[in-house]
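So that you can tell them apart, the chains are marked A, B, C and D in the order they are listed, and the count of residues begins at 1 in each.
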Amino acid sequence: VTAIERVGFIGLGNMGGPMCGHLVAAGFDVTAFDVDAGAVARLVEVGARAAGSAADCASGVEVLITMLPAPPHVESVLLGSSGSDGLIGGLGPGAIAIDMSTSSVAVGSRVVAAARERGVEVLDAPVAGQSIGAKAGTLAIYVGGEEAVFERARPLFDAMGDPARVFHLGPNGAGYTVKLLLNLMWFIESVAVGEVLSVGVRAGVPLEKLHGALVCSPANSVFLERDVRMVLDDGDYDEAFPMRLVTKDLGLAVDLAREVGVPVELSALIEQIHRRVRNLYGDDAGEISAVRLYEDLAGVQLRLPRS
Amino acid sequence: VTAIERVGFIGLGNMGGPMCGHLVAAGFDVTAFDVDAGAVARLVEVGARAAGSAADCASGVEVLITMLPAPPHVESVLLGSSGSDGLIGGLGPGAIAIDMSTSSVAVGSRVVAAARERGVEVLDAPVAGQSIGAKAGTLAIYVGGEEAVFERARPLFDAMGDPARVFHLGPNGAGYTVKLLLNLMWFIESVAVGEVLSVGVRAGVPLEKLHGALVCSPANSVFLERDVRMVLDDGDYDEAFPMRLVTKDLGLAVDLAREVGVPVELSALIEQIHRRVRNLYGDDAGEISAVRLYEDLAGVQLRLPRS
Amino acid sequence: VTAIERVGFIGLGNMGGPMCGHLVAAGFDVTAFDVDAGAVARLVEVGARAAGSAADCASGVEVLITMLPAPPHVESVLLGSSGSDGLIGGLGPGAIAIDMSTSSVAVGSRVVAAARERGVEVLDAPVAGQSIGAKAGTLAIYVGGEEAVFERARPLFDAMGDPARVFHLGPNGAGYTVKLLLNLMWFIESVAVGEVLSVGVRAGVPLEKLHGALVCSPANSVFLERDVRMVLDDGDYDEAFPMRLVTKDLGLAVDLAREVGVPVELSALIEQIHRRVRNLYGDDAGEISAVRLYEDLAGVQLRLPRS
Amino acid sequence: VTAIERVGFIGLGNMGGPMCGHLVAAGFDVTAFDVDAGAVARLVEVGARAAGSAADCASGVEVLITMLPAPPHVESVLLGSSGSDGLIGGLGPGAIAIDMSTSSVAVGSRVVAAARERGVEVLDAPVAGQSIGAKAGTLAIYVGGEEAVFERARPLFDAMGDPARVFHLGPNGAGYTVKLLLNLMWFIESVAVGEVLSVGVRAGVPLEKLHGALVCSPANSVFLERDVRMVLDDGDYDEAFPMRLVTKDLGLAVDLAREVGVPVELSALIEQIHRRVRNLYGDDAGEISAVRLYEDLAGVQLRLPRS
């Protein structure tokens, strides 16, 4: 197996832009495309080739990476409107299509089926770490697909993420699954912290003391110890992940539970609470806005200084 | 202010027994009582005095400690059936009544009111750390009440718990409040882990890989990293905290939210899910049995080896 | 058994006032009391005797009726602060204490225990039909207690309510239970109608057509066909039952489920949604305000003309 | 406009079979198709023509009716795998495609878009009344689409359903929407009745008396008064609508709420409770099995004799 050299990259937003830049910096021969020409231009400045279209981007590459907002975009780009006129059809046998979007297992399965007919390999490889991690090259990457394909693609992942947090998690779909579930878990904790802190403060316990005691207890979590501090301290609830994507991801997690046959009363409630948050505070409200919901309902402020 | 010497201790179960033993070992002059004569005898063996009745136990002491199963027991022992024939009435002015039970803010308020009439001081000081922590003297202790009273009682707390985790949290009720809320948070995480792990395993991700990726993510928590391992590894879901007390505590937390006027859809759901767990697996089912609920619903096993 | 003649009546508000008036009109010798002297005066005008205190009101009567806002008032009036200095102690053997408040089974049990010691009989007899039904004498009455006691008291119930809807439902507590449960069911339907109509209208179905089709379907209910029309048509959501009492009653229903060991995820959610309604629209918001919640969340109006 | 004569009918199951039979009986020239050849044969016996394939069935007809299990079947039959090779492509300009399945608004929109390109008209017209209503020709029919198209197709609806309950509800999608919402409402009531009756019976109120009082109250519903009796009396919980379709429909209702932007905590909980019912009692469990769930959790029986 020869090393990968030629890479196509589609989707150069807050996340994809810096990720693509790291591949260029690592010496890969990268052709980049985005519907926003300015985003393409910025990558060309640092050494990427510009593709005139998505199809150009897939032409002749060994690996095609997609980093798109939601499952319908992934489906449209890779499979096309008929299921067979997408970019999977433009890849040669042995090429690898890597989707790094937070997409659905269902769309992923259709991509794998179409790719298999053409001898194309597929990995799902969504990421965690937000735009700050994308820029720093410290993303965690959650990969599903065949072990051998993962190993071939590993140098790309190591260039874009933190090599210690590049996880090969199982067959195709395992990456999407784990990404959706860790998001879900984090958003459960967001609501939990909202309820628990607001009740405690209303009951007369000073916020700092309440928070300190919880952090030193078996109820501690990364959200409680770190995340609730960082974001609330900024006073805007929004790091980089808008509520319209939060609700999309939570919907995908509940859909996944439906598909695999697990009743999830808690997760379904968490999705709906975040839909309420979105209705109240807008599509672009920050990812921690469930805490704000409880501040407003309880008439308290849950601002914690950065530690 | 002279140092405390004479202490009465009522409630010598799994928790109270070892806690009382630590006070004896630390040199306090302790009179112990329990409805179970065997429990009293065990404390006498290590140096405590036996009280013939609860009333005896309160007679002439500077501090009276109660460690009882639930708010009605606390109310009955400290206030009696009429509100004025309980042990508060047997304490002299300046004595301190310390309730270390996981009781309710509402009962606590009635105790404070009765005590105030007689010049008796009150602290609420529930603990975390289970019987293993009680034995080791490493409990966390959550104290509500006046600062000066807390300082007088501090040597007792330092003898029973980990001095670094003896928290003075605010006025009377603050200890109960924080204890109920950290329990609540932990039980939210128990259900969250049940849903998330069972969906992931059913979706085909190997349990160990799924767990490992979550632990290395912003979704991590003490429950996820440590507690779910320890208990599941034992194969019995029950460390030391039976579901009948879990549901009692969750009910008290939801009651507290009602009293302070915070709507808590998540917490109310978590209480009801644990009531279901109790109906299905019994009053003595272990505190982590919500995970078992999801194992059974999803038809998977979530056994994790101790790390 | 001789017919009942002398009746004491405590609690002359929106409900109790007209109910007491019907007893006077039916020829009973009624002594009335309320903390609001004006309310007593209004009853005296129509022929009741005024009691100078609650204790006076209970003196020498064959039946003592209480119609009070919530369980703590019932407990305080009938049992007093110590459990033995309330009005039950002022009734003679063979007298009947009838509590018509929407109170709790738990308080009711304590009243029965205290009454039994003195040979006093007890009925729980909460009502449905709101102030309009109280005025018209068409209340439904839900009675728990011994059959023979119920039969003795029946003429009183027939005077205050619709005789065809005076239900003897079982032993003591059965009246409270049924009243709480029918309230609960109605408030579930209120939220259900809020969700269903707001989704339908947002999806583009004209409100009248949507409502008409639902009414003609197996999904129809009294709430959907009648109540949602009546109240929304008035434009104020509030007939006569303020949200602070709604949340009290829903809390009592969930408490009852706890006591009898039935997990009630739906009911607990409905309680919390109404607590949110109360936080948003105030303690005095009308009983149908859950519909308003969904109007506000969905940005639609669900006004239906009176049929 | 000339009257409709030639009709194609695809999907001859428990519902579609009798519905198709009524069209034949009413004198329409009907060509029938199903993947089950036996089902086709039964229709041929009563006077329908047999189609050799779905495509045959659509050839030359003025109206094509589909009655299929779920949205993916509708999409596959009408749009084909590529979106443009389905039966919509085989209909001539002016023909009407009527989908009577309980399908989704989303699939319906894609069908409308494809039909519009070819000058084909579309109605969504799901039904209520179960197989007993299909046989008796008394179905309720919920129609979305243009008024003029509805009027042309009206004779078909009147032949299959109760003319007094054939509702034209609004533009395309309105029929699907109303059908999903009335199902949702009915299943909310199923859970509500399960919680309320089981709490009441556990609290000691005899089932018949409890039920009787609720039926005579503002909490009454068709479910409570009629449906819970009929099905429980049969002792099997399952009239004709299996839990796998119940959960599908509830999922579609929650999906619809997502699409139109209404947070639906209640509906999402009801969906998940029914998913639990399905896991516990099987895909074919009857539509009222949520009541059984509460019987099992509470350890009571809620069998009511047919009135």
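Everything below uses one rule, namely that a residue touches a chain if its C-beta (ideal position, glycine included) is under 8 Å from a C-beta of that chain, and two chains touch if they have at least 3 such contacts.
Quick caveat: nothing in here was measured; it's all calculated off a predicted structure.
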{"item": "Between A-B and B-D, the pair joined by more C-beta contacts", "value": "A-B"}
{"item": "Most remote chain, CA-based centroid, reference being chain C", "value": "A"}
{"item": "Between chain A and chain D, centroid-to-centroid distance (C-alpha), Å", "value": "38"}
{"item": "Chain centre separation (chain A, chain B; CA means) in Å", "value": "39"}
{"item": "Distance from chain D to chain B - Cα centre to Cα centre, in angstrom", "value": "52"}
{"item": "Two or more partner chains touched - positions in chain A", "value": "261-265, 269, 273, 276, 279, 297-298"}
{"item": "In the complex, chain C residues that touch chain D", "value": "105, 128, 140, 142, 165, 167-171, 173-174, 177-178, 181-186, 188-189, 191-193, 195-196, 198-200, 202-206, 209-210, 212-214, 216-224, 226-227, 253, 256-257, 259-267, 269-270, 273, 294, 297-298"}
{"item": "Chain C-touching residues of chain A, taken from the complex the two chains share", "value": "265, 276, 279-280, 297-298"}
{"item": "Chain C residues within the chain B interface of the complex", "value": "81-84, 247, 251, 254, 258, 261-265, 268-269, 271-273, 275-276, 279"}
